[in-house]
């Protein structure tokens, strides 16, 4: 029985039966499960992503530290997760290069490798609208892994990228044949052709067997199931970078205003800095007394410089403690120990990144971009702590 | 002796040269200047028929109000904001060809012939009021179509720092 | 079919059938699996631990970067993995304290938290004897996670540890009721009562719901399934710190030598620095030409200062590149790009830690401790690259 | 205003006071000075019988050469090194009581009464030639038993740096 409830099939079989009932009353009196080939997750842990057909959101409120368990990394895809045999998968690099080349996955692993812990966030990562939203609901389209792969610059050198190449197309091997145009500079800077995540091969949902990984850039550009890179002297203006993943800037709505200031921003690669308090947060509750306010903060433009927390609805701000390591373009954990007197209040966090960018309020974003919540929306989010200890999201008015 | 001896070579010699044939098989993208467009051409009326058969179930009759979103611009006073469509939000006509060929119909991606894609492109441009019924769409004409939304798009100029943009 | 082969049950059902046969020939022509609640591992990835009943070894040669996937973290236990209901689990702290206290798991999570990425290694982590051993076989009893929990010092303050307390007993809730005596100083320094690992709750094999984590110390001291901490003015001399986890120092064997220099070392907490090349390594093979030699290095006494690699059987040594972040008491990835001319040779790595400790040779260890391979054995290990590209472990003569 | 306001308190007030009864229930350890030893006592001959019934299957007749290791010292010229046992490798006699009570028999841990553990401890000490058949083992006598291996153990003196120890 003990062995059973710790396995995946055991979980299924026992559905509806209280797991607790099956356990020995005293675990010190009964030999446990012997060592195995693959570890398990406790049957008492019910942490899951919230899926729609096209995406699933990471349960930020249930996480600890900065690494996202690979099977709880958010998903976003435009035609499902393809099933790919790594022995058959190849990456073609061509276009403005001296020597077009084809790499097998094994070829890619032979090159010098690089690893970095960095976040990946969908630029559509903000939702609002009702009080009963958790961090997962509000901005669960961000996750963090240690990514390992070959630097794209290494492949650029191998193929001999020509000096007139200014953009490249990255194309996926999914049924959307996902494509994005990327400035060549990013390829020389820090782009990775990744084949591993958190110590093991990429998960299928994250691009197995090979994906592009562009640190700090909107998630969609880190094309998964990467099959082709074409060097070009201009962007390709794919559907994803025109009809999708573009956002209004001040006064743009309604669309098709023939004159006036309405514009849409394109190629908004950098992820603006964001922070969110993940505890206390809906649906958890708190008690009067000492509370460690916890959250994560990150920026696509570098390191987190500072996180501030307010426990009085934004009237005053205190510096939060940042948990080392504070890495470049990485989720950084913050915390602030607070003695709650039991009176209703609002708690908020705001991050400042290395460039001096301070996470804006929702109204500042509306003022700068018009009143549509669209891509790259990173407002300060507030949690109302009610006197009964319940915690509610405070959506914009 | 302790020293860093090996340095990275420019070429490791991994991978194999790509042949023209295998590049051609994968190189399906189409750029705004028309690079990548195949031979063939499309007619609005043929496109209309294909659309009714293969696309309307998801994108609505005439490309309006389907379960997977409108492709054709309409003025609907009931909506707070007009739906974003090819007519009012797509800056390049070549993207219509590229996207349909690679990804549509959603349940049978990659199943259309180049001519079918040309026909559908012609039809969708006409339905959005961008070309007339007689315009033939092919590798020469498509890149020359100027889209209403093109002037709406500006490149990102955020640079970090204190400014909120 | 596509969805099926990506699930655990699918893997089981398809056993014996070539997965590749079930896949679409062109993944771009078929919609993939929709987003889900919990991600999957590709059915093409067969990475597993090597288990005996009492331990299982991490497949070091299959890992990338520095994070060990939680379900591939090595296991070592003395009476199996207990199944524990976290709602019923409590931690008692008593003995030389002002106020004996009982904490539920929820109580522990309310305290200020701390996270750190650090290795955990069994002090028995070295085996030798034949050429056909992989890194997993030789030293797979080390793994690395991001651990999150409450500092033990916080609990010490809460209970009011008395000034005459010099040791504490940590006791587990497994059927071995595992116990170790730990100097109180370690509790004040950096001990963590951990409840999370790599972003989620501890895995059952790693101590769910609560374990002690002592950074840099031999794994057995990081008592899992922690149920009790007793403060004392002397060590308890449990079986694990007397009959087990003690090792001969020079001239000790045979035991019961009534006089002479034979002694056994007790309370050998610190993990001596070690490195191992994980690629190329048995059972992988290599080709003539450029090879990235990869491995991990770590020390229980601080950061890795330097790793050197030899490609000429130890005649000369070159500095390897260390992958950031280089963290305190943490596995650190190193690499060295090497152009192999196809002639048989031996490759080796050796680490120097912050204290200036240089990883010893096996003969140096034998000279210092007598000729028994025992706990805390961290010799430089060599791989023979044969001219046919096969790679063999070179065990001691 | 931006300032670090709250500082960590010494006491957070989480957890509940432990009662003497619940401490007693869990506090099963035994120290070398005998702290933790319960009431009761053990005889060598009774221990020998219990051992034959509950332990010998795993540890061998007389505690020698069982599938889970010997507990009793023998001189076996066939082995390169003598097996480590209670007689030659255990520095404290209290550990025998503590360990058997908490962890043995392996398949029924925690099933022995305190008296049974005293009997087994007495037997194993006698079988290893440390006490004679008549010595009664209890909370007073056990801590006074001096183990042959005690003088062999030294604390760790490694300190990092260049020395290999």
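Letters are used for the chains, namely A, B, C and D, taken in the order the chains are written, and counting of residues starts over at 1 for each.
Methods note: a contact is a pair of C-beta atoms (placed from the backbone, for glycine too) under 8 Å apart; a residue touches a chain by one contact, two chains touch by 3 or more.
Because the structure is a prediction, the values reported are computed rather than measured.
Asker: Give, as an integer number of Å, the spacing between the C-alpha centres of subunit D and subunit C.
Answerer: Computed from C-alpha means, the inter-chain centre distance equals 27 Å.
Asker: Go ahead and note the Å separation of the Cα centroids belonging to subunit B and subunit C.
Answerer: Inter-chain centre distance comes to 51 Å.
Asker: Take the average of all CA coordinates in subunit B, do the same for subunit D, and state the distance between these two points in whole angstrom.
Answerer: 75
Asker: For subunit A, write out the residues touching at least two other chains, lowest number first.
Answerer: 28-31, 79, 110-112, 175, 177, 290, 337
Asker: Residue numbers in subunit B touching 2 or more other chains?
Answerer: If we look for residues of subunit B contacting two or more partner chains, we find 8, 12, 14, 102, 106, 109-110.
Asker: Examine which chains touch each other and state the graph shape they make (line, ring, star, complete, other).
Answerer: other
Asker: Judged by the touch rule stated earlier, which pairs of chains are there in contact?
Answerer: Here the touching chain pairs work out to A-B, A-C, A-D, B-C, C-D.
Asker: Give every residue of subunit D touching subunit C within the complex, in rising order.
Answerer: Residues 8, 10-12, 14-18, 22-23, 26-33, 73, 81-82, 84, 86-92, 94-95, 98-99, 102-103, 106, 109-110, 148-149, 152-156, 158-162, 164-165 of subunit D touch subunit C in their complex.
Asker: Taking the touch rule as given, give the residues of subunit A at its contact with subunit D in the complex, in rising order.
Answerer: My answer: residues 26, 28-31, 289-290, 308, 316-319, 336-339.
Asker: Which residues, counting only subunit A, touch subunit B once they are in their complex?
Answerer: On the subunit A side, the touching residues are 78-79, 92-94, 99-104, 107-108, 110-112, 154, 157-158, 169, 171, 175-177, 179, 227-228, 230, 232, 234, 236-239, 242-243, 246, 249, 252-256, 262-270, 272, 301-302, 353, 355-358, 360, 364-365, 367-369, 372.
Asker: Using the touch definition up top, name the residues of subunit B that touch subunit C in the complex.
Answerer: 1-9, 12-14, 102, 106-111
Asker: Going by the contact rule set out above, which residues of subunit C touch subunit A in the complex?
Answerer: Residues of subunit C touching subunit A: 2, 5-6, 8-9, 19-20, 23-24, 27-45, 47-56, 62-73, 75-77, 79-88, 110-117, 146-148, 173-175, 177, 195-196, 198-201, 203-206, 208-209, 225, 290-292, 294, 323-325, 327, 333, 335, 337.
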